Structure formats: C-alpha cells, structure tokens
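Below is one structure; the comments refer to it alone.
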Amino acid sequence: MAGNSFGTLYKVTTFGESHGEALGGIIDGCPPGIQLDFEAIEVDMARRKPGQSAIVTQRKEPDSVQFLSGIFEGKTTGTPIGFIIPNTNQKSDDYSHIKDNYRPSHADYVYDQKYGFRDYRGGGRSSARETASRVVAGAIAKQMLPEIKINAYVSSVGPIHLDTPYQELDFSKIESNPVRCPDEKSAAIMEEYIRDIRKQGDTVGGVVTCVIQNVPVGLGEPVFDKLHAELGKAMLSINAVKGFEYGSGFSGSEMKGSEHNDLYNPDGTTKTNLSGGIQGGISNGMDIYFRVAFKPVATIMQTQESLDNKGNITPMTGKGRHDPCVVPRAVPIVEAMAAIVLADFYLINKTY
Amino acid sequence: MAGNSFGTLYKVTTFGESHGEALGGIIDGCPPGIQLDFEAIEVDMARRKPGQSAIVTQRKEPDSVQFLSGIFEGKTTGTPIGFIIPNTNQKSDDYSHIKDNYRPSHADYVYDQKYGFRDYRGGGRSSARETASRVVAGAIAKQMLPEIKINAYVSSVGPIHLDTPYQELDFSKIESNPVRCPDEKSAAIMEEYIRDIRKQGDTVGGVVTCVIQNVPVGLGEPVFDKLHAELGKAMLSINAVKGFEYGSGFSGSEMKGSEHNDLYNPDGTTKTNLSGGIQGGISNGMDIYFRVAFKPVATIMQTQESLDNKGNITPMTGKGRHDPCVVPRAVPIVEAMAAIVLADFYLINKTY
Amino acid sequence: MAGNSFGTLYKVTTFGESHGEALGGIIDGCPPGIQLDFEAIEVDMARRKPGQSAIVTQRKEPDSVQFLSGIFEGKTTGTPIGFIIPNTNQKSDDYSHIKDNYRPSHADYVYDQKYGFRDYRGGGRSSARETASRVVAGAIAKQMLPEIKINAYVSSVGPIHLDTPYQELDFSKIESNPVRCPDEKSAAIMEEYIRDIRKQGDTVGGVVTCVIQNVPVGLGEPVFDKLHAELGKAMLSINAVKGFEYGSGFSGSEMKGSEHNDLYNPDGTTKTNLSGGIQGGISNGMDIYFRVAFKPVATIMQTQESLDNKGNITPMTGKGRHDPCVVPRAVPIVEAMAAIVLADFYLINKTY
Amino acid sequence: MAGNSFGTLYKVTTFGESHGEALGGIIDGCPPGIQLDFEAIEVDMARRKPGQSAIVTQRKEPDSVQFLSGIFEGKTTGTPIGFIIPNTNQKSDDYSHIKDNYRPSHADYVYDQKYGFRDYRGGGRSSARETASRVVAGAIAKQMLPEIKINAYVSSVGPIHLDTPYQELDFSKIESNPVRCPDEKSAAIMEEYIRDIRKQGDTVGGVVTCVIQNVPVGLGEPVFDKLHAELGKAMLSINAVKGFEYGSGFSGSEMKGSEHNDLYNPDGTTKTNLSGGIQGGISNGMDIYFRVAFKPVATIMQTQESLDNKGNITPMTGKGRHDPCVVPRAVPIVEAMAAIVLADFYLINKTY
C-alpha cells in the first residue's frame, strides 16, 4: 500500500506483478541532457534475465524495456522517465496448484494476511521479477555517473567462498562465466556445485560482493540517511537478502581500535580501508565495498509440507522454472540498487 | 543538509551537536491519548548515558529530557512532541587539540570536505551523543506498542561470543551486569576483556543481538520499504555500525533451500524460524531477531598518526573520556531504533 | 526533475509528454479489495477528453486507459496500480513551427532555461494532456470513498457568472450541456459566448466551483498539511489555474467576525457555513466548497509576437487544435484532484 | 499526527502549543557557511509579535528565539538548526471558560473529534502563535537568498482596499505605520477602521499582497510541485487564510487570451506580467506577486452562541487578548513562508 518508491531526488517508483500485463516504473529526477546508451541498458537487463545460462531458471522472458516518456532525440529531458517491461511469457497455470496454498518461506501467507487476498500467480508483487524495473533505473543511474565504477560479483555459493581480496581480482572476468565470479577456478567449482544442487531438486544461497570506485568525497546525509544506511536498505530490499556488511563488517566487530583505524596519507586517502570508503555516513573517496547475503530460493523441486488456507498441512512439490541459486542473476540487481543510491546522494550533494 | 528525519507516519527529526546548547528532536505522528510513563523514558536514557558503569566512558552527562509540547496532563495530544536534552557537561577545551586535525577513522575529514568547515568540538553532529534523541523517540514508540516486546543484548565483545540461541536466554538478566549480556558467565568474561582493553588504551568492537516478540502479522511495506530493509537502515544509521543480518543472516547464504525453509504449523506459525519473523518484507508473527555489528571506537588512548588540514601527518594521542567498547551503551539505542521502525509500520498498517 | 508525485499514503506519480509514446502513472497506496468500476473511470476520462463537444478542442484522442498491475479479478490488490494512456493521435508536424520559438505565456521559455532544451512537441510535459493521468487516479480515489460526493461545475466563463448558491443548483444537470454548468440558462449564454470567442480566434478564462459532501469530520493534518492547503496546492497544480478560494474566500476578508462566525447547532453542525467545511485545517463535516480560477488558454488563432531562441521578436499564429475555453474540460480534473487529496487524508486519518 | 514539516531540501518541522513550555522547530537542509544576521531574525520576530502597536493584541510575549544547534561561530554548519521560543506569558486561566466549550469558527470542535480530546489552553496547536517558528525559519531562508527581495504588505482591511499597483508603491514605507500598508493615506484609514472595529468588540479580515523580486529563472518543479502551487499551499497553511491568487488571479479568469498573454521583450522578459512571474509552474524571472485573503479572527468580544461538549448551546463572550485584525501581524508570516518555498526550490534547482 506504500513502499514502492526509492530515493529523494533520483526517485524510482515501480509497479508490476510477475503475471500481470507488464512491469514498469517511473524515474523522477534524472537530470536533463544525458545521452542514453540504450544498448548498455539492455546489457544489464540481459544479465538479470532468466534463461541466460544453464545454471539459472529456464524461463524465457525477453525482458525488453519500452521507454514511454522523458527522452527526446536520445537524451533525457529532465521530465519523468516512464517505462514498461511487458510480461510475455505468463504461464499462469503453472501456479494454479498454489492458489489455496502457502508455500514455506514464501510471502504467500503474509500477503494474504495483510491484504486480505492475493494475486497467487507467480508470487505476484513479491516475485523477484519486480527487480527488472530496478535494473532499468540503475542502468540509467550508472550513465548519470560515468566516472563512478560499480562492479558486483559472486563471492560465495553455499559453502564455497572466494576469499581473495577484491583488489587482487580482475573485474573484467566477471562476465566470463555464468556464475559471475571473477576467479575462474572458484567459478568453475561454484558452477559445478550449482549443477549438483539442481540435480537434487534443491537450491542454495550465496553472497554478492560489490565494489564502488571513484566516488567523490561527500556523498551521504547523516544522521539517518548515512550512505551505508541507504546502501544497506537498498540491498536488503532485494528479494532473498538476509544480511549486509560494508568495510570490515562483522569481522570488524572482533577487532581493536588500534588495528581497525585507517591511518591517513598526506593527500587525505588512507593507508588501509577497513572503513570501506565511508566515514560517519559520508563517502571519503576510498573504495566502497560491501557484501550482501542471499538465502536459498524457497521453491525447491522436492516434496515439502505446505499449509493450505483452511489450516491443513499438505504435501507440495515445486513446479515451474526456478533458479537453483539466485546470486548470478542478483549481481546486476545489486549494482543497480547501488547506482540508484549513489545517483540520489550525488544530486543531494550538489545542493551544498 | 538533509537526512535528519526518520519514518513516514511516526516521524522523528533530531538536531544537536555534542557541544552545542542542547540536543533534541520532534516526534511527529505519535497518536493522541497515550498515557506516558516518564520514568520508563528516563530508564532508557540512563541505560544509554555515559558514566553508568566502570566499563563505559566516565563523562558525566545527566541526559535529562525536557518535553516542550505535544503532551497535556500526562497524555500525548496527537500534536508534535518537541523535546530537548541540554548539554551540561561541555568541556570544549578537551577538543582544542583536534581543531586542525583529522583523527583517523573519524568523520572529521569528510565533514570538512562536505560542509567546508566543521564544528570540531567533540565530533559535532557526528558524535554518538546524537543518539540520545533517538532513545527518547524510541521510548515513546515502545509505549505506543505495549504488546510488542523488544529486547536487545550484547552477544559479542571483540573475539568473545555468546553463541547460545536467544530462546535459551533469560532476558531479565540483561540489566544485571554492566555489559548487558544475559549470560552471566559470558558477561563476566566480556567485562574482564573490556577492562583489559581499556588498560591498553585501546578499544574493541562487538555485536548487539535484538529480539522482537509479539509482532502482529502484516508490518512492512514491500517492495522497497520491507520491514527488514527499514530495520537494517535504522541500525546502520547508528554510529559505528558495520553490518546487519536478520534471521539466518550470512550463515543462511551457505544453506540449501531444503534446510532453510520454515515449515508451517496448522495455525500459520512455523516450526523453525530461519526467516527471522519476516517473509517478503512483511512480519509473519514469529519472533524477529537480528544482529548488529559495531566497530571499535576510533578514539584510542595510544599515540597514532593523524592528518592536519595542511596535509601533514602528525602524531596524536586521544584525550577526553571515551568508551573502550561501545556495545553496552548501544543496547538501548538498538532497541529504540527498532521501536521507531515498528511504530511507523504499525501506523501505516492501520490504513489497510 | 522532481515534483511528479502527489500524496503521502494515496500517492500518485505520473509521467508522459503530449507527443511521446504514452502518458501514464502509478497509484501507490490504494487499499486492497476495492471492486473497480472500470466504466466509471472511462466516463471521467471521456469528460476530460478532447473532441467531446463543439466548444472544446477538436483533437481526437481516444484516451483509453490500460491498467497493467495492482488489479486481480477486478479488484485492487493493494500493490501499485500501473497504467498507461497511449498517445495515438500525435501530429508532431503541427508543432514544427514552434521548435525554435517561445510562445507568449507558454512554458516554452522557462523549460528551455531550466532544462537546457525542451521537447517542443505540443508543450511536452507542460501540456494539459498530462492531466489525463490525474483523472484516472482521481476516478479510483472516488471509488475508494463511495460515501463522499464530489461535484464540480463551471460557475464562470469570462465575464459571465453564475451567482446562484450551490445549494440551489441541481448537480444532476451538470452533464446536460457541453459547458458543464448546472444552470441551463447560464449554460446557454456561456456556450454562446465561447462560440463567439472561438470565431474571433481568441480564448477566454473561467471559474470551476467544486462542492464536496458527506466528508467525515477529522480529515486534514495541521499545521502545514491543512486540508484546504492541500486542496489549494492540488488545484493550483492544474494547468492554467491562477487562484483558489474556499468557503467565504476573498469576500470573507471584507467581513467582520460577528458576521463570519458559523454558529453551532446542538449536533455539531453549523447554521451557516462560511468556513467552507474546514476549521483549523480539519474537515468539520459540513460541505466543503471552493472556487478555482483558470486563465484563458495562451494559444490563440490570432497573430501575436513571439520570441525565438536567438532573441528575435517574430510574429506567430497559433496552429493545432486548441480549446477556446478550458473550464468545461477542467471540471473532471478538479474533481479528480479533490478526490486524490481526500483519499490521502482519509488513509492518514485511519492511523489515529 | 503528521503534517508538521514543510519542504523537501530546506525542510522545516515545527512543534509547540500556545500554552506549553515552548514553541520551536528544526530547519534541516540549510547550507553550511551562511553568516547569520541574528538581529534581522529578531526584527522579523518583532514584526510578528503581539503587543507591538495599539491595533494588535496586547498580549506581551517576548518571543525571543534561542538557537540550540547547527550554528558555530555565527555561521550555519550544514547540520540541523534546532531552536526554541519559550512561552513566558502563559495565562492559562484565561482559557478555563472554554475548557468544555467549542467556540464558533474555531478549531476546538474538530480537534476534539479528531484527536479524542484537546489541549484547550489558547487553542493549543491551532493557535496562531505557532507561526512564530515559521518566522524564524523564513528569516534564515531570506539570508540564504540575499539577492531575492520579498516584500509583503497589507492591501485590504475589511472593505478598505488599496488598489494602487505594487509598482507604484514605496515598499520602504511598509514599516512606517502599524497597519503595514505602504500607502500612508490608506494606512491611516485602515488604522482608524481597525480601532473602530475593536471598540465594537468585533474583528475584521483583510488581504496581504506579497511581491518577490530578483527571482532567478527556473524555480519550481512541475507537474505537481509547481512554484505557485507550493506558494499557495504555504500561504493556505497560515491560520485564517481563505484564498490565494497570483498574477492576474481571479480577475484573469474574466479575460481573453489576446489580452492576457504577456508578450516578450528580446531579452526574455515580458512587456506585461499578468502571469505573475511564473509560467507552467516555473519562475520566469519577472516579479512574482500574489494576494492572500485572511478571514476575521473568530474570537470576538461580543456575546455569541457556543456549543458545549454535552450538546448544549450556551452564550459565550470572548476573553483574553486577541487581534481585532490579523493582517498587520500576518505580513512577516507571509514573507517567511514565501522565503521557505523559494529556499527549497532554489536548492532543488541546484541539482540540474
């Protein structure tokens, strides 16, 4: 009933259920005069879309975005950018079996309780398909901030972790494999693991790491709208996210001040960066990096107990085409939300 | 220049620097007719205030709140509640040594860069003293929601972890020791550790766990304003926080769906609660629990390199009275921010 | 770059230029479970659309709305309602003559100055075509509040005034004539006057009066979001509006307190209603009534001086199909904005 | 329960009842580095305060503002500016006679209905004393925008109108008489009229005209947050306001397009200014001018019928010290709200 807008000056509002006519959104606040690279937008859409590789859901959704306003002769006009992403591959029958059932660890039950009934087709509004609109808004935000480099990648799949510090990774390799892990050896192991999981009819969680470089000093609005607080909210608003940490994160809580403090170089940069590029909620010019934890997808191809709306526990087996592991497709979504947050603070910071 | 309000319907706006005349705030949106328990507010203030025990900063600040409006004959009137917390123990000289210096891992540098200059006394607006206003707003939010039980406690101090599941802890013991850890044995070890750290002139981080019980089903506003996303933002907006996870958190990312899914009981409750009381961003009636990671306080009583505003690296030794470990005093702040988030969503949910 | 959303809980965001692909919007906050009457929505759309009678612009725009989300089996779901109104009758050539010209009393010049360039086709975002999206959002708001009766009508066309108090008018006659004036005699004179004005290639302003009945006591949020302040903003945000007054309005400023005060009946109603149904910014249960002044349409079919973007004054003659008088088509827009304001305050008031 | 904040980037939140401890507010978003002229703030406070002349209420309220934060060494720091205005002249007994009574055309009844009970002392939150906080925020907004000149004056008192166009008035004379009318002859007649009204124990309404000069082109955010729409809301949010018109206003609705259009000069200025300095919701660089209608103060010193909370009609005679005519004291409030609106749009416009 609320909660479908994000941002203050670069403000994104989205709509759409997985099985309605279309998804879409409005970007209000994009500055005028930005020459849009539509291909780059489609590239990010393609990175998110189903069916892109053997280890993600095999649903086929073209996920093509149609811009309806706010763009004239290829440039943003400063007026709101409206866009839609038609739903062309709706197989609503796939979901008739869940019409009266609440799937475990899905939003079915709470939607029914909160709204009084629900659009049961494909999760309705709670479907991760909603994130397609975020990717569009994020792709434009990236183009608004061409100097800033945002790179996300998969750093864990289930128990398999890539522990190499991001500084030693080659981000250009992220897209070289379907897992979106820049370390090829780890990527291969992760991919194998996901294939196994899928064969078991199971799913697995993972972690996406995101690194933001070339951020100007000064972004973030304390005390409540600290840069990392908005980044955290942005990430936690993505489906299936269970945790967020930046800089030293949870491991920083085990450290001493004498170890954790980042000493300055004469130019204001710091020798270490346990702070993660943010001090007191404001970017300090160093790299911003953070980790986002995703739970395993709830829909599994095994038989599980579910609850029906009459209070009966009934067995249910997942149908439809679902991801065995969500993190490869989550990478562009993490980047998109990061870009939206930065675009918003960038605009606010221009008012000083 | 912005960012000093939190919430949509239960909206808290704060002001104040550590060494100005006073801190304070305005709570707009508290419903009328709530009989306030002023003593309970003072209890939470006392839990946050400096000087309360041997393991926290020895600054003496009475931290007494004065309500200026919105209350008539002991009850809220539905109009904005204005309040101030006078600063009575300002020792600005304590800070003259940092006037031209940027302390490592402090906000000094970024404030100077963003705003052009800074109120250098005690960190100014970036001081954790700002959180006193949050505690006031949170204490009233708690009274707005008397059925909901919010209990936070210290679950880690540096490398010392309390791994007991919260269900096995006795929350009535939280206030029995200065660490605010409900397990007395762990509390003793943690306290000893903090004393050692202080002797070293050092500081240490820690983790606060928060458990929220008796939450009605239906709180939270997807897709962006998910309940856990707002809780995450609220926690990350507290000084020194580096990470947030709820339910299974980061460890959930290592699990399989078949392990992670919470199966239903016939009454809609679940047998397990890896979800952490929230599905799809909406409370499901189970306990909400989350963990908040705090970094070590940056001001240490050892000599460190700092940067002055002419680009020179100069040695600096911390002065003033600072906390060796922030988590004992962070417990009421975590509770307060949780209460504010719940109060806001509770009001929004009444509109359905 | 901002400013395209209206409302706090019933929040409407719109997009679209007159000559882009489509207009549209998102309604976030409509409660779930409302059985929509789509025909009633189309009726309001038809009341606003061009070409409906001989005294309005003869452009033919079907103005059919397509709902893309937030509705399932005919009922609102509580999730955002996305909709589009395709632009099917774009004659961009009609506007090539204004590409480099600033029409007098149009927004051409300020858009160019503010945004750096403009979508010159048909006024772009500043076109009154944008109000079609408001009518959709207002039509749904009306259905959310079935008890409340909102009736707007034309009370002035240029110098011709209908001075009859609204209590003596038969609102069922509003739609009986193309002017939308419920007094048939006045309507005939107004219609004749508009026909004359059109023959002269000129345009004329007018006034729309709006009466809202059966409003519950308590809507409005002082001190800034007073009910009449939001109604005023809503009306002033409609293209061509120059003034707003409610209750006694400007004439009330000439009165004495002893004349102006509305004395009570024992049931809390008042004997007179100079207050216009609102006291201190809060509805008091009496009829709300207000007047909205519209200037004459700036595009006239006479030759006028315009400015080109090189600083030359050049003669220009209006082309295209424009309204000689905007008020007949403004009636449903005034009603729509009133409904949106009431829906928003209605939801906020449920939180008490 | 909401509605006590105004603005997006220059955001003012106020609190306080007429008979509580203090009024006050928080200005969030004032840019850093503004050298404040505290005397100028006090001058505006003095222009609003009671007891300043023989024709306003004789209450004595020192109305001195205390700044608590956001200012360091005389300059704004970019952090929120908290301030209070203590209530020092509370005569609550003056109001005991209205405890159970609803005064005609006062907010007593609606507050009781909306909130369940009310702070009956002096109107509580609905008292015009609340506007003192607005004057503080407006005085600082003026200093943020030193080039922009805002001058308001009384143009009508009851039936006495000053019809001279503002261009022919000498604004430096506004403060030369207690009415705040720059035409001395009209001022004298108005003053005499107000004295008469007071002798009768009656009150009278009036009109304040406001002229804003040197506004840069480009302020305002269509489509909803048009410059005049926000100005209108700002003015309508002031106690006792019944109407707002800008530029040609209601009289513009009687005109033809050929008369109303403002033709350009080669430099982009216009030969006439019926538009009132705003086109399409965006400032065009010409003078902005508007008129604000105030109703007569409801509290009169004559015996009137009132309603008690048991449903009885009872006679009541006004007590206390009230204004016979509100417009002389409203002048600085109109200016303050105008300054707040401009400051907000000025900051938003910097983001383009």
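A, B, C and D are the chain letters, set down in written order, and residue numbers restart from 1 in every chain.
Here, a residue touches a chain if its C-beta (ideal position, glycine included) is under 8 Å from a C-beta of that chain, and two chains touch if they have at least 3 such contacts.
Protein identities per chain, from UniProt: A, B, C, D = Chorismate synthase.
Values in this document were obtained by computation on a predicted structure and should not be read as measured data.
A count of C-beta contacts for the chain pairs B-D and A-D puts B-D on top.
Chain centre most remote from that of subunit D (Chorismate synthase): A (centre = mean of CA atoms). Inter-chain spacing, taken between the CA centroids of subunit A (Chorismate synthase) and subunit D (Chorismate synthase), is 46 Å. Rounded to a whole number, the gap between the C-alpha centres of subunit A (Chorismate synthase) and subunit B (Chorismate synthase) is 27 angstrom. Annotation: 39 Å between the Cα-based centres of subunit B (Chorismate synthase) and subunit D (Chorismate synthase). Multi-chain contact residues, meaning those touching two or more other chains, occur in subunit C (Chorismate synthase) at positions 1-5, 8-9, 14, 29, 31-32, 78, 114-116, 125, 348, 351-352. Residues of subunit B (Chorismate synthase) touching subunit A (Chorismate synthase) in their complex: 1-6, 8, 14, 102, 104-107, 109-111, 113-116, 125-126, 130, 156, 158-159, 197, 200, 202-207, 217-218, 220-226, 228-230, 232-234, 236-237, 239, 242-250, 252-268, 270, 274-276, 279-284, 291, 293-300, 302, 304-307, 311-313, 348-349, 351-352.
Residues 8-9, 29, 31-32, 78, 347-348, 350-352 of subunit A (Chorismate synthase) are the ones touching subunit D (Chorismate synthase) in the complex. Those residues of subunit C (Chorismate synthase) lying in contact with subunit A (Chorismate synthase) across their complex are 1-5, 9, 11, 13-17, 20-26, 28-33, 66-70, 72, 75, 77-82, 84, 114-119, 124-125.
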